[in-house]
Structure formats: C-alpha cells, structure tokens
Amino acid sequence: KEIATFLEAENSKQKVQLSIHQFTNTCFKQCVTSVSNAELSSQEEQCLNNCVNRFLDTNIRIVKSLQSIQ
Amino acid sequence: QIVQELAVANATELVNKVTDNCFEKCLMSPYSEANEQCVDQCLAKYMRSWNVVSRAYIARIQQASTSGEI
Amino acid sequence: KEIATFLEAENSKQKVQLSIHQFTNTCFKQCVTSVSNAELSSQEEQCLNNCVNRFLDTNIRIVKSLQSIQ
Amino acid sequence: QIVQELAVANATELVNKVTDNCFEKCLMSPYSEANEQCVDQCLAKYMRSWNVVSRAYIARIQQASTSGEI
Amino acid sequence: QIVQELAVANATELVNKVTDNCFEKCLMSPYSEANEQCVDQCLAKYMRSWNVVSRAYIARIQQASTSGEI
Amino acid sequence: KEIATFLEAENSKQKVQLSIHQFTNTCFKQCVTSVSNAELSSQEEQCLNNCVNRFLDTNIRIVKSLQSIQ
C-alpha cells in the first residue's frame, strides 16, 4: 500500500512536470519573440504569466461545460 | 474496466484538443484579457465539427467496407 | 477467445475515435476561421466534410503507392 | 516478432507523416478538389528527402562515433 | 529506479523542446550558417521562461487546492 | 544475455529510425516549398543536408550547456 501511495504521488508529480513542459513550449512561442539577449523583459514575463493563467481558465471552463452537458 | 479507461482517454483527448484550439482562436498574446464568450462559442462549434467529421468518416468507412475495399 | 474478440473490437473502436479526434483537430483549424457565433455555416460544414474525404483520399493513395513500390 | 512490430510501426509513422505533409502542400481549404498528381509528386519528393536526411544523419553518427564524441 | 527514469524522461523532454524552439528561432532555411550565440541566449531565455511558467502554474494549483476547487 | 543485446540493438536502431522520421518531417516542411515536380533541386538537397546538421549542432550544444549547468 505504501508503494501504491508512492507511485501515485510520483505519477501526479510527473503530470505536473509534463504540463509545465507543454505550457513553456506553447507560451514561449507566443510571448518570446526575440532572443537577441538572454534576459526576459518585464512584458515577456507578464505575458508568460498571463498565458499560463488564461490557458488554465480556458481548460477549466471547457471541462465544466462538458461536464454540465453530460 | 478497459472500456472505462478508453472513455477517460477519449474525454481527455477531447478536452486537450478543444483547449488548444479555442485558446488559439480566442486568446491573443499578451493574454491580459479572458474571453469567456468566445471560448463558449468555440466549444459549441468544435462539438458540432466533431459530429460532422465523425459522420463523414464513419460514412466513408462503411462505404469502403460495403464495396469490399477494406 | 471471446475476450480476444472483445479486446480487438474495442481496439478498432478506439482507433476510429482517435482518427476522429485527429481529423476534427486538423479540419477545424482550416475550415472554421471565425468563432463569432456558435453555429457552423453551410460553407464550414461542407469544408469539414471535404476535408475528411480529401485527407482519406490522400492517405489511401499514399498507402497504395508505397505498397506498389515494395 | 519484435522486429516485425517495429517495421509496422515505422511504416505507419512514414504513412502518417507523408499524408500530413502532402495534404498540407497539395490540398487547400475548402478542399473541394482532389489533386492526385500533386500527391504523387509530393510522395516521390518526400521519399527522396527521407533518403537525403537518412544519409546525412547516419554520416554524422558515424563521424561522432569515429572521433569518440559518443 | 522509477524516480530516476522519470528524471531522464523529463530531461529528454526539456532537451527536445528547447532544441525545437531554439532551432526555430535561431536558424533559417537554407540553414547554411550556425548561430551559436543565438542558441545560447535562446536556451538561457527558455530556462527563465520555464521557471516563470512553473511558478505561475504551481501558484494556481495551490490556490485551487486551498479554495477547495480541486 | 544474447536476447538482451539483441533487444538493445533493435532499440537503438528504432531510435535512429524515429529521429530520421522526425528530421525528414521538420526539414521537408522548411526546405521543400514546391512539389510541382518529383525531383529534388540541388538547393533543396543542400538545404536538407544543412537542416539535419544544424539541428544536430543545436541539439548537441544544448545538451552540453545543460550538463555544464548541473
């Protein structure tokens, strides 16, 4: 049973990691247009923050709508 | 139990694809504003598209199956 | 043996479902440009139908060509 | 049997990628017309590209392996 | 051992996504010139973006978890 | 033990195959713009060669940078 709990915790952590990889990929493409220097501008950082939050808003709204249809 | 796992996999696939498409169509960098009305319409349109595609694909499979193509 | 038949049928159904997800994703991107309302226009619906059928035509032609090369 | 499964997986991957690329290059929304000549040329060009890429990649692996890089 | 396999999977995913994004941002067809400075800056910017996205996502999960949403 | 060696060799071959599929997909999109005939032009062939080599340069540089950070 301890092994099952451990595996489940690892599985959740892995899902979070994969979501972070996916969001970084999507949001970097949209928010970071220039790589002429190595620092993020404050606009880019704000855009990345908004991007994650708006993507999650969209995801949650869609899940709720689909659940209410069923 | 396998049937249930497949149903979950299908629902997850649907949610992911609708989220990607409707995020792309409704939200623009710098992502400072949400657009719930657009997401709702986009979801409705995506589900209608899913039905059209589904009918077209199944019609094609049945046709191929009747004519002995597959 | 009944279990094998059952699993095979589920497997085929699952492949059809995954193809429908993939086609909807591809064809929605191309055929549905505006989500300013929740209904599909007749042009959009026609485009979705054509999109599925042309994609399958392309797929079948490529499979046959590759088989004839071997 | 494993070798055979890998060969099938490779053929499927090839068919999927050629179909995606040649659908994208040869067919335009609203997808009302087929374009078989374009698909045939595209397939031929894709197979030639596959050979060029394959040679370039294997040459690079062998070079790295000779120089002890990997 | 599972933890180690997940760490390897994560590192591989990171390398693949950075390579895709920085190849796209730094190298242009006909790809005759390398651009190492651009790749270095792009990698640095991608890692910073990963951190921003990671913080934003985890903050959101914790918020949802506190408010009992999930 | 012979089986393990055989499986490992098959596994490496399969990874090389998958990389070739991925590179062909990426580089075909960028280097082959016209499919109005079935032959590759010398520019297209050069572009495909460069594309593979620059992609690998990028990949190797990123792996080395990430290793040096750790």
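Observations
Per-chain residue numbering starts at 1, and chain names A, B, C, D, E and F are given in the order in which the chains are listed.
As a convention for this text, contacts are C-beta pairs under 8 Å (C-beta built on N, C-alpha and C of every residue); 3 or more make two chains touch, one makes a residue touch a chain.
The shown structure was predicted, so the numbers you read here are calculated from the model rather than taken from an experiment.
The minimum number of touch steps linking chain C to chain E comes to 3. Chain centres computed from CA atoms place D at the largest separation from chain A.
Among the remaining chains, the Cα-based centre furthest from that of chain F is the centre of B.
Pairs A-B and D-F differ in how many C-beta pairs touch across them, and the larger number is found at D-F.
Chain B and chain C have Cα centroids lying 11 Å from one another. Centroid to centroid, with C-alpha atoms defining each point, chain C and chain D lie 21 Å apart. Averaged Cα coordinates give chain A a centre that lies 28 Å from the centre of chain F. Residue positions of chain B with contacts to 2 or more other chains are 14, 22, 26, 40. Multi-chain contact residues of chain A (touching two or more other chains): 31, 51, 53. Ring order of the chains (start chain E, then chain F) is E, F, D, C, B, A. For chain E in complex with chain F, the residues that touch the partner chain are 11, 14-15, 18-19, 22-23, 26-27, 29-32, 34, 36, 39-40, 43. Considering their complex, residues 30-31, 43, 46-47, 50-51, 53-55, 57-59, 61-63, 65-66 of chain A touch chain B. For chain C in complex with chain B, the residues that touch the partner chain are 7, 10, 13-14, 16-21, 23-25, 27-29, 31-32, 35-40, 44-45, 48-49, 51-53, 56. Per the touch definition, chain D reaches chain F in the complex via residues 2-3, 6, 9-10, 13-14, 17, 20-22, 24-26, 38, 40-42, 44-46, 48-50, 52-54, 56-58, 60-61.
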